[in-house]
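Going in written order, the chains are labelled A, B, C, D, E, F, G, H, I and J, and every chain counts its residues from 1.
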Amino acid sequence: MLYQVEMTVLLPTDMPEAEMAEIKAREKAYAQDLQRQKIWRHIWRVAGQYKNISIFDCRDNAHLHEVLTGLPLYPWMKMDVVPLCRHPSSIHEDDR
Amino acid sequence: MLYQVEMTVLLPTDMPEAEMAEIKAREKAYAQDLQRQKIWRHIWRVAGQYKNISIFDCRDNAHLHEVLTGLPLYPWMKMDVVPLCRHPSSIHEDDR
Amino acid sequence: MLYQVEMTVLLPTDMPEAEMAEIKAREKAYAQDLQRQKIWRHIWRVAGQYKNISIFDCRDNAHLHEVLTGLPLYPWMKMDVVPLCRHPSSIHEDDR
Amino acid sequence: MLYQVEMTVLLPTDMPEAEMAEIKAREKAYAQDLQRQKIWRHIWRVAGQYKNISIFDCRDNAHLHEVLTGLPLYPWMKMDVVPLCRHPSSIHEDDR
Amino acid sequence: MLYQVEMTVLLPTDMPEAEMAEIKAREKAYAQDLQRQKIWRHIWRVAGQYKNISIFDCRDNAHLHEVLTGLPLYPWMKMDVVPLCRHPSSIHEDDR
Amino acid sequence: MLYQVEMTVLLPTDMPEAEMAEIKAREKAYAQDLQRQKIWRHIWRVAGQYKNISIFDCRDNAHLHEVLTGLPLYPWMKMDVVPLCRHPSSIHEDDR
Amino acid sequence: MLYQVEMTVLLPTDMPEAEMAEIKAREKAYAQDLQRQKIWRHIWRVAGQYKNISIFDCRDNAHLHEVLTGLPLYPWMKMDVVPLCRHPSSIHEDDR
Amino acid sequence: MLYQVEMTVLLPTDMPEAEMAEIKAREKAYAQDLQRQKIWRHIWRVAGQYKNISIFDCRDNAHLHEVLTGLPLYPWMKMDVVPLCRHPSSIHEDDR
Amino acid sequence: MLYQVEMTVLLPTDMPEAEMAEIKAREKAYAQDLQRQKIWRHIWRVAGQYKNISIFDCRDNAHLHEVLTGLPLYPWMKMDVVPLCRHPSSIHEDDR
Amino acid sequence: MLYQVEMTVLLPTDMPEAEMAEIKAREKAYAQDLQRQKIWRHIWRVAGQYKNISIFDCRDNAHLHEVLTGLPLYPWMKMDVVPLCRHPSSIHEDDR
């Protein structure tokens, strides 16, 4: 089941650089692992912003919650979640 | 170049059914043609709303404008456009 | 899977009374049928408003979309959908 | 008498982990006690957010105020309260 | 039990004057009857607006809903309801 | 002359308890003194919030300003002020 | 006593020109009469908008209400009222 | 050329009193000097708020910018600027 | 003196096509004439919207008002005006 | 390809002056270099605000992202990006 999630990152400007680099490295590894599992289907950057737009494919709402709150950057993120379904005008049987 | 577009449809409740059906049929044909040309990459329905979230792949801003304003439902739509770019955490060279 | 849906009804004040009564009767029958099927788990009125807060139990996002757009009052409703999951502090295994 | 309450938790990211764990444990005990007393009728998590949607059954507005301000997490919460009443389309005499 | 209600009136500018006068007369009679019953405790005009701020004293949320939806002007009103309780700094045992 | 004032208190969560208690005690004394002078006509708590709704009876706008900025909690308050006047549907010659 | 009032005019685009001209002429006469009485102290146009920013000098809130609702354009206006008082940094004893 | 400017002051509650007094004294001197030069035409306090509404008479946009950013309190102010012009209903040739 | 103006066009969907074409033709002629006079310095389309972002170079606020309200499409436009000045980081003495 | 970007600077009021001066100097050099490369086509100050409105000419969305996030002040900026295209009423073949 698909969800669009918009993640806005709000890191404090005085966070030590080493700490920031370490969290971002863990974030990237986590994100890539979920992409390989086909759970995190797409991730795009919003031009000019520290924000991404992503498409998740989860078993249900609880699974989505678990995946999102597991993000290393989660405590500094604002999340906007939109539940999606297939569009009748889509030419794909299953557009993930 | 990718853009996320959120389209909210606001049809007047007193539009004659035949007219509505005719516009929607043209809209569907137009949308499917653009999907076959790989310009309209994804289209998903927002659950519970008369609204879709789509990903467009256009040559530039002018091309996007031409594609969106050509929609038969355009006069009744509210458009929200977000310019996107590749995310450094994406495992895909080119995520369309 | 649970969703909270807030439905705000915006009927035009000049709709003929007979038409309004007929739509509301169909709406009530539809709502009660879904309650008997255990899909529409709860429905409460917001005090002082022509608005309800409801809990739906659907198979997935597509099922929710089908149920909501089938409402006879749907063309005059503003929908706000919130995907829910079990809360770890709940004393119920399964709170529907 | 029923109320829908939406609670959004805004904990500072630099709160010591031990302090956070201690407050959350007290919060959980408090919430479960009120559930056993049938005052806190339902609690659901909003998927992807540190937020819950709850249904309270209180004697009156003052009782609701006392219950909410007694929450250990209250100083870090944004509260949105909606007074509810029975919906005429409900098939339950008394939907709690 | 007390509630503050803010009522904003949005009458169409092309409503025939006789119809408008008739509705307003019924509204006034209804409002004064509820004031005599001590249900509608206070009503003040917001300076410069077609809006009032009122204090209602009702048995419960359902009673408030019944009172408000019974207003002749209800179909043209936007309602904002705030549940109130006694303030600990009040010098009145019971401030109605 | 009457004004409705909505006061939202935003105290920092790390203010020392003794300091907080001292300010609140002064606030209460100040509020009760103004109530005895019939300047602060009503004060109600908004259920579930650290917020009150009050009715002030002042000589003019300058008097209201002086009264509000004299509040010990003023530096931590968000104020919303609404100038009121007698409502033609009121059954009271002078509703304070 | 002074108030700032921001008036935004929202005339329907299909109002007959003669009717519009007649209302505007009455509005102008009414505004100029109040200026000569020193009640409407200042009126400025907001550049590019059908909106003005004005300063009124009224006996009290009720007087302001009477003056504003007497405007021929009142039914098509959105009003924002701000109660003012003398600023301690003003070099004028009485700045009207 | 006239501008309406709304200035909202947001001083941190923990600023040392001596520092606050010193900035406010400089602010007052600066404001009074500009009033004597007929650049700062009017300044009114918004009742109940730490906010003023002012009318400036500047040579052009750049002059306004220079005047506003020179305010000692500027770093703690939120500014809302509205360009004004003469209103055709004004009885004053030149309303400053 | 420069201003940024954002113009959003809100034409009713049932305006006769001939009328719409005639207004747009007049709008275009008016816009091009002002461009040739170097008053309307730039005009860009917002991609996907019936909206433009423009830069005007006017003698003063009154001149801007006259230019904007003279637009044939003015009655159907929402205007957002921002007064601009030279930026100290600009490499142009005079950036129009 | 053109974009309008609105940049609002939110520097903490307690940043040491030397640090602030150093960042601003780097910002200015960076901005002027991009102007000389014809990437940053225009930059104007919003009168009265610590905000600019700029026009960028970039190869694509990714190029814009790289340019904006490279700004020394980027961590303290709120960015609003609007993709632009040529307006059919423009008298310039190519309005940069």
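We take it that a contact is a pair of C-beta atoms (placed from the backbone, for glycine too) under 8 Å apart; a residue touches a chain by one contact, two chains touch by 3 or more.
If you want to know which protein each chain is, UniProt gives these names: A, B, C, D, E, F, G, H, I, J = Muconolactone Delta-isomerase.
Since the model is a prediction, treat every value here as computed from it, not as a measurement.
K.L.:
Under the document's definition of touching, what chains do subunit F and subunit G have as common neighbours?
P.N.:
Output, common partners of subunit F and subunit G: E, H.
K.L.:
Please compute the C-alpha centroid of subunit A, do the same for subunit F, then give the distance between them in whole Å.
P.N.:
Centres of subunit A and subunit F (C-alpha means) sit 45 Å apart.
K.L.:
In whole angstrom, what separates the CA-based centres of subunit A and subunit I?
P.N.:
About 39 Å separates the centre of subunit A from that of subunit I.
K.L.:
Approximately how many whole Å separate the CA-defined centres of subunit G and subunit I?
P.N.:
Whole-Å distance between the two chain centres: 28.
K.L.:
Touching at least two other chains at once: which residues of subunit J meet that condition?
P.N.:
2, 45, 47-48, 61-62, 64-65, 81, 83-86
K.L.:
Return all touching chain pairs.
P.N.:
All chain pairs meeting the touch criterion are A-B, A-C, A-D, A-J, B-C, B-I, B-J, C-D, C-E, D-E, D-F, E-F, E-G, F-G, F-H, G-H, G-I, H-I, H-J, I-J.
K.L.:
Mind pulling up the subunit A residues that touch subunit C in the complex?
P.N.:
By the definition above, subunit A touches subunit C via 1-3, 60-62, 64-65, 81, 83-86.
K.L.:
Of all residues in subunit D, which touch subunit F in the complex?
P.N.:
5, 12, 61-62, 64-65, 68-69, 75-76, 79, 81
K.L.:
Spell out the residues on subunit J that touch subunit I in their complex, using ranges where they run on.
P.N.:
So the residues of subunit J touching subunit I come out as 2, 4, 27-28, 31-32, 35-36, 42-48, 52-53, 55, 82-92, 95.
K.L.:
Show me the residue ranges of subunit D that touch subunit A in the complex, using the header's touch definition.
P.N.:
Residues 13, 45, 47-49.
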